[in-house]
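Following: one structure in structure tokens, then a few remarks.
Per-chain numbering from 1; labels A, B, C and D assigned in written order.
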């Protein structure tokens, strides 16, 4: 076990699985040069036939991954969330629907790595955080790692999984550090939330890039005598409802921190579940700390106002406790 | 062995010059059988739809049988195909079971897709079908991906995809053809140019003179074939298959054909808009792909008309059996609703 | 005022506006033959230059509508929800984001008519009900008429509106009848919910195709002495929160009927709002009656199990009252 | 008046044969001025980015100035253009204000987009720019739509769209070119083939020999132009504009050009991957579009070198002023966050 960057943890997960299984291959734009980082070293190690630079044709290569998966390969496709709109039909009509529509005949072990570059002045066209969209669509497993160890462990599970998976890799986490197991057998299962910090006063569910802010908020509040239970669901499909409901059963309060736009968000969904299934446990209004319902503005004076932060989480939790 | 073909021009179009290759009786009779299976299947579908035996839409392939059958006859069982909303012809051409196909149209548990797909999605994965897509052109990248898998693994299977003239205007076609060409993938793009997308003539939507001309933009051969002539389709596909299997890359085949029926069952009212003349339909009906093939078989002395009729009867009987099978198959149980979303049982929120 | 079909009401709205404003034009696949119905008579009346058959190129013509709108035209684009995935990038990156990203420089009066054909054996590729996706994305006004009068009135407002609008036209409503004003000045404003039936025991918010089921459920329950307030929000962006919150303030109970898939749905969003802003009014768990989280199966034995019905609404309301 | 051009071949490619048309001094000097404005602007952007004065990415247009400037010089102020992520050159070529452009890059309220767009989205609608899109090829349909508006209204404005060699592989390009051709829309598709998409050579992703060859697939003229030569770009565009404005439909112009800098500021590390040889960069630098134009202007006796230098100095001064303007412009107020989502104030949930 050693300290690693989130980005390195992703790379480790990918290269370990490519070593272990010759059916795994990697494709995307400029991946041989690893422009986005996580493909570093892959082309050198695995060569032309396992690491493919694609044309700028998201519909074409998203769909080609589906076809390759349907006949026994295990493709990993690199893209940015914001480019997924261009190949959206292949994700929805093919990757997500194929198995069900054909009565289980298709098995599609394909992983789409959707990097979410936001927070650094990328502006509206490059800053999407679109996992709620895919949660609504259904048929795709949705993974949102919040720590370097999870980045590696969930990546490995995704690659081994027989269903189409989208790994939403949060750009604000890529440079974070943490202990990452070297063990090539280390994986993190889907559908099991991570209780990052136990607590008794408030349940704080934090998604992707909100995780460090949530932990920091819990630390701030701990000093003020408030005990916050921080839960990272790790995967949104499947969602570990039980852990969240049990926690709310204990704390009576729910706050959800979610870097996606707030309307019809993962936060909305989790609140709707709790409002339906744990209503009698609630002792205060549920609260959402999600991104403002605007596109991402470029200006450094505006962009930081959009996302949940440690302070905005602290503030909302205090409101909940009033 | 067949006579040398002679069809060169039709309704003003240049069409594929049929080669003097030898085609075995086996292939000819297989093609005839599959074409009859499609024809009888579709006629039956029209009949039972009229009687209200199933719901939804259904897009008859009548008139276009030679395209899928000629192409699939040139492929191996281990090769893959993908198709579209007009989805009955492709699986039958590839060797699918009629009963399971019909049961699917009836929404029954014994259908290929356990009733979840229905008429537009008659895919039989066991005969190498990777999907019949209701979203126009959406399966073109998928077939391209199967070919990519062959190449990356050094395997010798190939794939082919059937799509319409309308579909050719979709970006997914452009991207797939370009991808297949730069990567030299073993895939065949088969455009079923039946002249119309619903009510819209391809002449109003395709800027090239011929869809097959677009192959130039991708540095691949573009072949214009008489899609009414199963033998021509077979021969053109044989060449494309050889090219694909030997690592030379993709081919675009444009099959000039015609849909004898309306776009979809239930859309008969559209005929009123007179987007096509009755006389045009009549002219094309003169070139019924079954008539052409039978004439060829009989005139070349390959088989007698009686033998051909027997094949038709056998196909018809199989279709009758299929309908009985479909009618008797149970509807899926409620528990099926949540199955097949994922490869393993998963708590669906 | 006369009885009209929902479909006719849409047509009326379109043709009245095309008569009134020469900048309005109509395009889509096979619209001259009016394959989907609502374009009936348009080509005859307005001719080639105002009614355009497009190639099968959703990205191309969705985007062309944006460009035409940006230079002063007012396009109406006909499509099906399920085909929107193919042209998704044009809707998200151009229609939705353009105005904000360019600091207000772009004005985009374009209406996308997205017909939702579900419920009649269209299977997974033709049955999407994707408004929650666009609610999350933001920047598009989302209209979900529930009655023939609203179909006309909201269509006219959409065409006159200076922002991009998606009209989600529910296929299960196209054949419903109702009184529709002939007055060409009749419009229905965005962001104003319709209280279809006042009540005191439960607030029932019903969206699009759920509206008639909700009204029927309310009628059934009225006979059993339960007073249900039925609210049709009519537009989801903007959403008339006040009417919903006020109603919950009165009834203390919320049920949302929504034909979209339940995860991250409009129902989830409305529940999250009420759980946050009207928590203290609630006297029972909120309940969602949305579509099951599966793709749409073809079989007539399965498909009807997916959607909310009068009976499932009645059942859930009874649970709420327990 | 300019000398007849002579450039025909470069790095093995056929390029546009410059015509012997007369170009007025006004046009030449306007082109020179705008090219200088872009060059100095970009150099300044690199400098201030290095000093950490603004955040995000920025994609320098240095080396490609002749493409946008030559094209825009052939258009009217009332014509429209749309562009892409490499977005500084297009607006300046179309006549945009440098101060507002620079302020946008700095994220300030006086920027074109009030700071909401930034470097990748430097659109100035007041000079007819309909968007600079960060999503590759995404503005191609938009420009096509502006041309559609012209046609439907019987107006005589045209539109043009700039996109890269990488972008040409996107479905949106295919669909737009086809649409424009069947509808004979007054639009010009200008492919800035700068040889690479980030690190990937177009020879590895474009299956046609030349992107302009694809025009055949759409029955429109495809023109391969020396994109380093502003006069050639101007002349080719003049012809395309004439075609467009007279109702004959679209043209595809492929401008062979080169990006002298790396793909994006901040991505200098990529140079290490050696996707292109230093010698190749050096070779292209010998054909700096500014040098070529100045030589032409001076040798043809149109103006003196001193006059040309004065234009450079003036442009440089304008850029300095722009930076000062940008630095002094305030950041947008928090209240701006919710503005511009819709055309009127609307309760955002």
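Criterion: contacts are C-beta pairs under 8 Å (C-beta built on N, C-alpha and C of every residue); 3 or more make two chains touch, one makes a residue touch a chain.
In this text, all values refer to a predicted model and were calculated from it rather than measured experimentally.
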Most widely separated chain from chain D, with each centre as the mean of CA atoms: B
Distance between chain centroids, defined by C-alpha means - chain A, chain B (Å): 40
Chain A and chain D: spacing of chain centres that average the CA atoms, whole Å: 37
Geometric centre distance via CA averages, chain D-chain B, whole Å: 45
Numbers and ranges of chain D residues touching at least 2 other chains: 113-117, 121, 133-135, 138, 169-172, 175, 178, 182, 204-206, 341, 349
Two or more partner chains touched - positions in chain A: 54-55, 57, 59-60, 82, 85-86, 89, 93, 100-101, 123-125, 138-139, 237, 263, 269, 293-295, 297
Graph class of chain-chain contacts, one of line, ring, star, complete, other: complete
Complex contacts: residues of chain B adjacent to chain D: 169-175, 177-178, 181-182, 204-209, 213-214, 216-220
Contact footprint of chain C on chain D as seen in their complex: 80, 82, 111-117, 121, 123-126, 130-131, 133-135, 138-150, 152-153, 157, 159, 171-172, 175-176, 178-179, 182-183, 339-344, 346-347, 349
Complex contacts: residues of chain B adjacent to chain C: 54-57, 104, 107-108, 113-121, 133-138, 166-167, 169-172, 197-200, 204-206, 267, 270, 273, 275, 331-332, 334, 336-338, 341, 348-349
Chain A to chain B touching residues, read off their complex: 25, 49-50, 52, 54-55, 57, 59-73, 75, 89-90, 93-94, 98-107, 138-139, 141, 161-163, 191, 237-239, 241, 269, 273
Contact set on chain C toward chain B in their complex: 29-30, 32-33, 35, 53-60, 82-83, 85-86, 120-126, 262-263, 292-295, 297-302, 305-306
